[in-house]
Amino acid sequence: MKKLWEGAQLAGSKRKLIDENGIRLDGRKWNELRPIKLQVGVMKNADGSAYIEWGKNKIMAAVYGPKEVHPKHQVLPDRALLRCRYHMAPFSVDERKNPAPSRREIEISKVIREALVPAVVVEDYPRTAIEVWVEVLQSDGGSRVAGITAASLALADAGINMRDLVVGCSCGLIGEQVVSDLDDTEDKEGNGDMPVAIMPNLGQVGLLQVDGVYTRENFQKAFELAIEKGKEIYLMQREALTRRFFGGEAQTTEVEEGAE
Amino acid sequence: MSMMKNYVVETIRKAQMVQLLANGKRLDERALDQPRELKIETGVIPKANGSARVTLGNTEVIAGVKIATGIPFPDTPDKGILMVNAEILPMSSPYAEAGPPSEDAIELARVTDRGIRESEMVDMGKLSLIPGKTVIAVFVDCNVMNVDGNLFDATSYAVVSALRTAKMKKYVIKDDKVEATDELIPVPVETTPVSVTIARIGDRLVVDPNAEEEASMDMRITITTDDNGNICASQKGEASTITPEQVLQAADVSIKVGKAIRAQIIEATK
Amino acid sequence: MKKLWEGAQLAGSKRKLIDENGIRLDGRKWNELRPIKLQVGVMKNADGSAYIEWGKNKIMAAVYGPKEVHPKHQVLPDRALLRCRYHMAPFSVDERKNPAPSRREIEISKVIREALVPAVVVEDYPRTAIEVWVEVLQSDGGSRVAGITAASLALADAGINMRDLVVGCSCGLIGEQVVSDLDDTEDKEGNGDMPVAIMPNLGQVGLLQVDGVYTRENFQKAFELAIEKGKEIYLMQREALTRRFFGGEAQTTEVEEGAE
Amino acid sequence: MSMMKNYVVETIRKAQMVQLLANGKRLDERALDQPRELKIETGVIPKANGSARVTLGNTEVIAGVKIATGIPFPDTPDKGILMVNAEILPMSSPYAEAGPPSEDAIELARVTDRGIRESEMVDMGKLSLIPGKTVIAVFVDCNVMNVDGNLFDATSYAVVSALRTAKMKKYVIKDDKVEATDELIPVPVETTPVSVTIARIGDRLVVDPNAEEEASMDMRITITTDDNGNICASQKGEASTITPEQVLQAADVSIKVGKAIRAQIIEATK
Amino acid sequence: MSMMKNYVVETIRKAQMVQLLANGKRLDERALDQPRELKIETGVIPKANGSARVTLGNTEVIAGVKIATGIPFPDTPDKGILMVNAEILPMSSPYAEAGPPSEDAIELARVTDRGIRESEMVDMGKLSLIPGKTVIAVFVDCNVMNVDGNLFDATSYAVVSALRTAKMKKYVIKDDKVEATDELIPVPVETTPVSVTIARIGDRLVVDPNAEEEASMDMRITITTDDNGNICASQKGEASTITPEQVLQAADVSIKVGKAIRAQIIEATK
Amino acid sequence: MKKLWEGAQLAGSKRKLIDENGIRLDGRKWNELRPIKLQVGVMKNADGSAYIEWGKNKIMAAVYGPKEVHPKHQVLPDRALLRCRYHMAPFSVDERKNPAPSRREIEISKVIREALVPAVVVEDYPRTAIEVWVEVLQSDGGSRVAGITAASLALADAGINMRDLVVGCSCGLIGEQVVSDLDDTEDKEGNGDMPVAIMPNLGQVGLLQVDGVYTRENFQKAFELAIEKGKEIYLMQREALTRRFFGGEAQTTEVEEGAE
């Protein structure tokens, strides 16, 4: 365990992000998730919606469609056009964010879309548009994977035909220690972040981005941990959908991480 | 087919609505001067200095306050800065769109801002730190999450609730420099402005129109009152007119309804 | 009269905007208008136009239409689409204004449009556009009501069928004193501004905005004063139109406010 | 029907125009080198530091000057700032549009600016207050109110007239700080640049084309001259060519016509 | 007709490509893990502080470095500033368009930036001059001149080559002020990140896809490694998925191919 | 010769741009050109392209078309629509340039287009678009005329029917001395710049802009010098095209200015 601590030191972190006993600042072990709450079907107007709280992330996802495509020239004759906007509310971060979309938001909107499209049976909805709106009300580490997790629930809630759900988790490095699900502090002061989104039943990866410096071994370890944790969160997604469709009222699925 | 059906349903609903209104009743069984159920939840965005989630029927708005130091405007060197902004999220309705703020969103933000500013809800003089150099700047951003009519009131209640519960750092001046302390103090709130929006459908005035009523209304007027029942802001809307009598009638309704809502906001933000 | 003066003091005005005898800085009584000049048919290309000088306001309004609608998807099948832009020249205010439209100009364009539409027989011109351009060359208090007053003359000059003219006046507060037609100084240092636009013959109000803090009594007083003054200005509008259509050359209608 | 009629009328007018020009005559009876009537009214915008309303035939432009202190550009630390901007108002013609400045408006502003700047009309060195820190910045904004051809000249005359009559505060330097006094002084004007625009229709060059002539022209050249009859700016326009001989001919015409117009501008702006 | 012909040709080419790939071969005869010929020319823009023109097959990118002093970001007061920007020029392909940066150009710039930043190629601490006040800001702009697939790698190699050969003024601190000297020193480069992009066509992974291969690929993954063969950035692209096994396979390929390319870049930028 | 030197002094130049012997800072005589290199057919994707190095200018021009017009409403029924963008790379100038198009770039794009259109037989390509992209990779004095010179070669390389090539040269003033082909320093510290573009065989001028203060005599002298030098550069253009089409590989045409 000393190694972990040294690693964190070597990386120049101002605080020890992991202590001598391998416990992180918020009390988690290296491979634990932050608390996650999921609610499906929370918005009145949207055709489908889901709300996620994950650590300090508070994110609303909503879906409209299939609907007519405007402007017409964007119509895809053989499948649906999936649009996606990931957007951060001005009050979602420590310093007020300009409401106009930043370059970061534009890139994240793109990778979220690319992670969702393979899960949607787009060929069932030719010549239509499906719109996915992801609004980050409060931001913490891992907001893009949380957004994907909520967005795929919102698609399911909208009754869109899907091949699988999409679920994301971000793993990374503190020093040389692979850890799961970095929070904001660990993301900023840690040594690497690797957001991954998967289709758990199909065993496919729809999003993969990497920040930080990983040995080949740590790369694999973090990547496989992200998939493993993604599968855990998938169970929460299923639970949330079940409650939505069979449990009557929209309810909160709140699964606290057990001991590993 | 389905559009035709909708059209027929809509026409029938509208006829029904007008007939009911003639008898002083509304489709959702509210009295003409009865707003929908108002729910206020504060502190929903802990990262903000103040925040509130307001639902007015199915209309939902989240407001968040961010406070920082800034440079005063040249013409008000001894006053803080207050800015209210609003985005009608594309997720909020099938008609909302992504992109730069629409004319409607700009009007919404400016009318909400006016109600706060003109009522002198926030004592801007107390937000001055070093006159002409450093003042406290208060940004209130509103996310319209779901649209079911009457964005003006829902947004206004969200902003007022967020401001009433906002906490800011206490600043001290040392050697002509502003220093932030660890102490948190409330934003200096002097009054609680309450916006009441009234729609005219046929010849009846109804308070707090929902989306269905807005689709049938031909005129909208928003009147904001302060703690003393004084009128501090108003905005007539829609491409139509109002009679002078209706303006005065709307003012009286706003004062009356506003009083009840003010009590509710104060209760929810203590 | 002392009360007025106290009111102005209490409100923190740096100057006494009204003196002990109820006389304002520019010599007007509480219910007098600034000088107004109106000219109809002053622009060569526009289908209709009017120029107004009101206090220090200098505003040109011009109308084009009915004309084809571009882009097509904005066509209204049963009536004309009325477009309106209120714009301030960069040199119109004390400090140079950026020529790009501000949020204030966008809002004012909207409320001017909403005040004009009810006066235009839009159903006489289905599938067309009518454009109203209001350019503030020099700005003083009350520029939006001055703009509306000129714009409705420009619509009439363009031969557009109208139900009534639209005329505006702004009243407000100095201290607790209701006053008519605030100038720039009174608008900035006074205690309230209430722009009102009416259709005088139909007895309808098309624009109402309120700034300031009014008792219920003062609210009514200021509002009714604005309507009363609007009716006076309407006489000047009629006079200006008469000169335009029966007096030959475009001429200036200049009505100085008489004693009340 | 009415469009067809217009088209026929237009074709006939154009044929008539070309035939008349062959005989050295224009539809509006001007000589080939005769500009339209020029009217200059100064001080039309009292809130501006200088202003002018210019009509050249039915083309109308209003220019307003705003003067403030500013920070010099890094590469000219000891020179003031001069910026000329132009908006072709949507009210000015059925073809103008609202929105960000068009390519035409940008060219208009830049060519006008060039005539002023290159002629060294304003002594930029005299606009420096504290080199590298504070200079006087002169903004000239032009509103094209009505378009009937030859915006270049009308805009240029408006800018020159506004600058010639502009008054700015006298600034003094006290303890390395710039202070404004109550005294008003003129902008330091050294020369009076005059822009003359010449169009080619068929093979004839005509001065100051109106809109109807512009519709038939295939080439446009603007040449600006200063008090000494020197050429200080030029811009050839339209997607077409000019022969070298025509360039020199246009230069001579510009010098000659410019001289008369300069006298008129000076007279109007004394 | 000609479009139909193209379509037929394209379909045949694609079938051919997939069949060849099944046998481990590519249309252009490269091995599956073989990048196209890489040419690096440095110092091509003498006015820039560093520059490189890179061709990867027919894909061509020019990167230029501009270095100036600036104010640090508030959250990193003791670190310099690095910004990577990319424009896909409209001349680069029939599909590129003029206008504000597309989603693709933004992703390209950000992924390239990430490879440089996360590998800690440039020692940002050494770019600090006066902590919290003045730092060195390094701007790298990339012009994509010609598109024939794999913009990510070509752009990355151009940026890395430009930075490795960039020279900046040596700054000294005198009396708390930053002064530039005449001495030129290299940008403090610590490692040489190498991006390797792998496409999946059918079920085969191929390195450095050209445009024809990109048109047939259904997945793209870019993995960047540093001097130690560590992985420091990655981006999966295209609206499709990758299996976990393919991710690890791609990582191994990137490490191996990256090593050879790194040697080539270092050789070209000594 | 003294006169020249005095002129340069009088104009307030910090350096003597021309010495006592009439030699300029870079060793050229008053009427010499900087070195010019031309390459045709250098880009792979473009339908036509040319690269020019002229002094320190490094400029790429590329042409696409004739191609379909988007948006449709810009179609010209009887001829091609020629689009042109002159753009400077952010690294092309001493201080990094914002990549968004400046007002200067918008104006230059317009005058370049207006100089090229008369040379293209646009009526041979009705209802199509021809796009000309001029990218300044490194900027020196005279970049617009260099851009035109390259662009007309790119049009020829694309096989577009042309009436003539277009070639540009900029002449100007140092003090009262007319000089050819100003470089960046001479442009900034000299006394006038006059970019001219011609169609050399047709004897037509397609671009003329003037900066500075010229006597009538100097105006003519500079203008005629620009035409004369343009004709010299035209020979290099022809040479470059010949190599392109008959010399096999794209080759560099490099013509150093001989003694006058």
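Per-chain residue numbering starts at 1, and chain names A, B, C, D, E and F are given in the order in which the chains are listed.
Assume a contact is a pair of C-beta atoms (placed from the backbone, for glycine too) under 8 Å apart; a residue touches a chain by one contact, two chains touch by 3 or more.
Please read these numbers as outputs of a predicted model, since none were measured by experiment.
Q: Which chains are in contact with both chain C and chain E?
A: Correct list: empty, since no chain touches both.
Q: Check A-E, E-F or A-B against B-C and flag the pair whose interface repeats it, over half of the contact pairs matching by residue number.
A: Comparing residue numbers across A-E, E-F or A-B, the repeat of B-C turns out to be A-E.
Q: Indicate the whole-number Å distance between the mean C-alpha point of chain D and the mean C-alpha point of chain F.
A: Taking the average C-alpha coordinate of chain D and of chain F, the gap between them is 27 Å.
Q: How many angstrom lie between the CA centroids of chain A and chain D, rounded to a whole number?
A: 59
Q: Chain C to chain F: how many Å between their CA centres?
A: Using C-alpha averages as centres, the distance is 53 Å.
Q: Going through chain F residue by residue, note those that touch at least 2 other chains and give them in order.
A: none
Q: Connecting every touching chain pair, does the picture come out as line, ring, star, complete or other?
A: Graph shape here is a ring: one loop, exactly two partners per chain.
Q: Going by the defined touches, start at chain A, step to chain E, and keep going round the ring. Which chains appear, in sequence?
A: Listed round the ring from chain A, with chain E adjacent next, the chains are A, E, F, D, C, B.
Q: Quick one: which bits of chain F touch chain E in the complex? Just the residue numbers, please.
A: Contacts found on chain F: 43-46, 49, 56, 58, 60, 62, 64, 67, 85, 87, 89-96, 99-100, 131, 133, 135, 137-139.
Q: What residues on chain B touch chain A, complex-wise?
A: Result: residues 44-48, 51, 58, 60, 62, 64-66, 68, 85, 87, 89-94, 98, 100-101, 139, 141, 143, 145-148 of chain B touch chain A.
Q: Looking at the complex, which residues from chain B come into contact with chain C?
A: Those residues of chain B that touch chain C are 103, 106-107, 109-110, 114, 118-120, 221, 223, 226, 229-244, 247-248, 251-252, 255.
Q: Can you list the residues on chain C that touch chain B in the complex?
A: These residues of chain C touch chain B: 82, 103-104, 106-107, 109-111, 113-114, 117-118, 192, 194, 199, 202-216, 219-220, 223-224, 227.
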